[in-house]
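Scrolling down, you'll hit the structures one after another.
In the two assemblies presented below, subunit A is common to both, partnered first by subunit B and then by subunit C.
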Partner chain A sequence: MPKSAYLLRWRVMDGLEALVAAIWPRHFHRALPYVMLLPAVLLVLLLVIGMIQIGDSSARTLDRSTFLPSDFYTAGNYQRIFTDGLYWSILWRSLLGSVIVTALCLVFAFPYSYLMVRTPSALLRKFLLIALFLPFFIGQVVRAYGWLIILGNQGVVNEMLGLIGVAPIRLLYNYPAVLFGLVQYMIPFAVLMLAPALTAIPEEMESAANSLGANWWRTFIHVVLPMARPGLVGAGLVVLTLSLTDFAMPAILGGGSQDFIANAIYDQFFRTSDQGMGAALTLILVGVGSLLVGVVFTLFGAGTLAMGRDRK
Partner chain B sequence: MTNKTSILALSRRRFLGGAAALGGLVATGWTGKAFAQEPEKPAEIIVRAWGGSWVASLQAGVSDPFTAATGIAVRHDLTEDNEIQPKVWAAVAQGRVPPIHINWDTTTNATKSALRGITEDLSDLPNLANVTELAKPVGLEGYPIVNTYGYVYVLAYRPSAFPDGPPTSLQVLLDPKFKGRIALYNDGIGFHFPAQVAGGGKLEDIPGNMEPAWEFIRKVKEQQPLLGEDPDFTNWFQNGEIDLAVTISTNAREAMKNGIDLAWTVPEEGSKFETDGLWIPKGLPENELYWAKQYINFALTKEAQQVWLDGLGLPGVVPGLTPPEGLAGDPSYPTEPEDFKHLIRVPTAIQVEHESEWFSAFKSIMQG
Partner chain C sequence: MTSQAEAVAPRSSLPVAVSVQKVDMTFDGFQAVKGASFDLAEGRFLTILGPSGSGKTTLLRMIAGFQRPSAGEIFINGVPVSAAPPHKRSIGMVFQKLALFPHMTAAENVAFPLKMRRFDANTIPERVKRYLDLVQLGPYADRRIHQLSGGQQQRVAIARALVFEPDLLLLDEPLAALDRKLREEMQLEFRRIQRELGVTTINVTHDQREALVVSDEVIVMDKGVIQQNAAPAQTYRTPANAFVAGFIGVTNFLSGKVVAVEGANLTYEAAGEAMQGHWSAPGAPQLGATVTGALRAEQIRLAASVAELSACQTVKTGVVTDAIFEGERIVYEIALTGAPGTVLRAFDHDPVTHKQFAIGETMAMGWNARDVLTFPN
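After this line comes the complex of A and B, so read on.
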């Protein structure tokens, strides 16, 4: 072969291949997937190290004469949490709230996702996509403050009510206001998790059900809903865990009396300088969240989070 | 962080401003000694501060004149006092340079840092010779903190909601007319002690028996109060959400400046009196520590206090300050011993030891 026929870029590629072979011999190739996993594993390891430190802090009580953690391990912080009604009520409020928000989000997100993936109109699909992604550009805190403006005593809603002679109603600073804010915040997450699962349902399945005499409702109940279960489970898990650990909505829309666990953790770390109590509450939150996810996995499988394997 | 600005680079205006400020400083206790063998100047010092009118007042009264006199820029870190605390504690514990030079802090919070042993001693500040007793932190050795002013948790109200005259007692908080229209701090700070009296208890029983306070707070809970932080009170008054609040007079005054019709009073049960202060965390380089101390020393001059505290509407720790317009004789601006008769002061040591359980008890009631 004439020398000029062997292109420069081929020679460069040959050189690179030789370099790669020197650095990463062929018999190492089976390890490649594990090497690629390494960054993710390291990240998780860092989290684990953080959790170990939090665990250590949680077993030390605060000495209020020096404001230093105790030198010895004790279950004092956990004992306080389990015997103080305050933490039980906050835990219950967080759990109930996250379950309600999850249920509402799935109810509202399902028709939205269905319409988005099934509509023949490209214009409508684009509109729904834009409406879905627009809130992502507005952070949670800004959105919560937006609700303060809209739902306040002198807000748009009360002004409109005033036009028909209704006196201002306190729409903010209560539990429903927190749940409302959370649902509005979480719906896009639910839609994003549901849409791929609905896309994966062949339209022909619905047509087949129709041709066999099933009306729309029966098709929905017996075909669409069961086949959408992986998406519902995935969306539910994401919304459930995000709601359970939310801080901003209870803080801003709750008027100070509707704390979730994250708010209680903040108080301990930053208001009373008690890092041990904050750490103990953190571990309890992680434990409760993990337990919930475990229950959902056991009952319904991992949904879309199983990435196509072991779906129930 | 060393200041490399040549004196030749100073503009005429900046030079004149600096010279005037320096003249003022020297005349008011900033002795030439401070400049005799002064250590290398840092490019800036970082002062943690509260936002809004709080930082604006500090800047006008202390930071800008300090910069004009020394050429050292002052950066205000507006991280909340509670949030900077663990960062400073961690930095000192790990032997790192702390993230701020000076912490403008509540005396109670600052005392926690002093007890932890992470505050520099400020006993050698020359201007401490000219301050009142209020500047000295009670129950601590030396000056790990210097208190710089006092403030009162007043009962602020909207006059239009009280056509028959201002409220005189905290019992007004239980009036059904104000259900959902009252506000307290979300940890109850400033309210625990007056509530003890309003609930029929005695101040001498604090901290042993505070059940009267909790009983009164349980009744207040039925009124569905809003619970928030300093900026919330101003917003809530401005947005017509509340008619009554137990808050620092500065917040009510800020809302008034924004055109809201507001007034305040000290109820017959009394109001809590507190102090804020400045302190320096350990671990700063020697030269930065020196200039941080000079900043606090300057904050204790009459001129600095006059401008700073005019902005806040609060009584300082230097004798002879002129009260801001409209505040002479006001219950939120105590200066004479008889002014303190209706104000409640509980020793900082007791507050530091029990604050956490009081917050917890308040939260238990309000979150229930």
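After this line comes the complex of A and C, so read on.
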């Protein structure tokens, strides 16, 4: 068959392959994976440059008379953070909040994921999946404003309470409101991280535990929960880091009285224009977050976030 | 099905351990099991054999308690159990994919049922060790499941199912995924352990060889109905119907109309030729009725010429269409002369001294009337 008789599509593909072979000789092929890695590495590298910049700023205090950073290095910013009770309380509030939110999210996400994975009804599974993705179409800020409408002093909840004669309750601008908003925001992330881990547990495991004498509660405690650990660790890490660094929920539902670290950083950069202080807080946040993740890694393994053969 | 009563093997006088009575199972209008009934005496090894979709696994899952029968009742040691959940029954089960707990060691897996069933904590280590020794895994007690070979995992699963001394052991095709050599080894291992402990066992499989090798009794199921319940050799020698004859062994089927009847012997016309057969169903054959004759491949004598088969009642010739050398036997496929499209399978069990016929050569085949088991169509 003459070459011209081939399909046009084939000839185009042949031409492209010849072109690739000409500009990318065969012995370069081993470098291909590294070349494909390059964009990601470059992006991370840019962030590292930013981090160095932030590190530099964090070691310069703001001169209140000239509003310029000092031209010498000093630990002043860190000293202020560690001696000022305000920062300790913000740090503590963020840490405690993210731990509580993580725990609640795992508790709520587990039954949801389990039902989604195990239900024999395709309809219910689809409904649960859609319900899971729907909130992603609404940004975090819009969602937080939605809660203002529902939970405000003249909000839906208080109006309903008014109907049965209950005086308006202050539901917003306190710590529980922030945690509530965060839990509501994070549950879909936790479900998404948990579901694959639960899918990986064969139903036969639960049947086996049953036949060996375990009721559903003991099957859950001794078989399902330990086998779901990679998913719990993965979901926990995602929720923990996202909550620890969250900005919108404490800002909107906390009304300025329930700042997390990210809010404090924002204030330093954009309200008091103390770049050095903001940079120091940023580095502390990165440090605390990394430490937390490191502790979870060493205690429980990397869960579903770990790749490769020897993941636990 | 109707010949079941006469086909049932003489039962031991032991008490009945499992009694399944008129059990039905319907899923969304589909009847997976229809009117299944059988009794199994204590200490016996029963295999439920059938193709996929025959309802054998559904029946097993109902006995285990994972599914509740739509109708009928299951008794274990005389007690109706249909309402009891699996964990309240005394049944050890080895699952198809074993379902060993990957987060536990071999010993922890075996200890699991003892802990769940609240055995005296002081006796657990000794008992775990005894059962791991029984399956020859003593030295591997502290290995994780993924550190064990396929055969070793099978053994852990057996030990785990037996360690709490259940009334009944259920095997849900646990050997299906193994390679042939290991599978045959494990079949004998199952049999050894079952005999040593005397535990009543129900095994489910689609492997006819396994059913014949390991069992005291075989139930053949098809389309949700029990087709035959008999001892292995009896199932093979006197199948209750054409399905059983075809499912176990290599069987040739020749169907046609009855032209003469003489007691249990009959003559029918198949593929344009007269065929002698032996009536193998209840009742008597009717003239003019369509029947199916089942002829086992190993019952066909083979020779180069018709003259050599003078001892056989029926002698036919045919042309070899395929000859497969399998080592211990040669499998021939032979197209019957004068009956285009009718191909018989036959074995030559002496491939060492006999010459192998080539494709296209003509061979003579002979058999006796009693070898052709005829059933109503």
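Here is the rule we go by: the second predicted complex is superposed on the first by the 294 of 312 C-alpha atoms of A that agree within 3 Å, B and C clash if a C-alpha of one lies under 4 Å from a C-alpha of the other, contacts with A are read in each partner's own complex, and residues count from 1 in each chain.
Going forward, a residue touches a chain if its C-beta (ideal position, glycine included) is under 8 Å from a C-beta of that chain, and two chains touch if they have at least 3 such contacts.
The shown structure was predicted, so the numbers you read here are calculated from the model rather than taken from an experiment.
Look at subunit A after the overlay: subunit B and subunit C fit there side by side. In the superposed model, A:226 lies in contact with subunit C only, and not with subunit B.
Touch criterion met: A:272 reaches subunit B, while subunit C stays clear of it. In the superposition on chain A, A:71 contacts neither subunit B nor subunit C. Of the two partner chains, subunit B is the only one touched by A:154; subunit C is not.
Once the two complexes are overlaid on the shared chain, A:208 sits against subunit C while remaining clear of subunit B. Once chain A of one complex is fitted onto chain A of the other, the partner contacts of A:255 are limited to subunit B, with no touch recorded for subunit C.
Once the two structures are superposed, subunit B and subunit C can be ranked by residues of subunit A touched, with B on top. Once chain A of one complex is fitted onto chain A of the other, the partner contacts of A:218 are limited to subunit C, with no touch recorded for subunit B. The angle formed at subunit A by the C-alpha centres of subunit B and subunit C is 160 degrees to the nearest 10.
Once both complexes are placed on a shared chain A, the shortest Cα to Cα gap between subunit B and subunit C comes to 46 Å. Contact residues on subunit A toward subunit C in their complex (touch as defined above): 202, 204-205, 207-215, 218, 222-223, 226-227, 229. Note for the complex: subunit A touches subunit B at residues 62, 64-68, 84-86, 89-90, 93, 152-154, 170, 173, 255-259, 267, 269-275.
Partner subunit A is touched in their complex by these residues of subunit C: 64-66, 85-87, 89, 91-93, 95-97, 99-103, 112-113, 116-117, 160-161, 164. Interface residues of subunit B facing subunit A in the complex, by the touch rule stated above, are 80, 82-83, 85-86, 109, 112-113, 115-117, 180, 186-187, 225-228, 239-241, 352-353, 355-356, 359-360, 363-364, 366-368.
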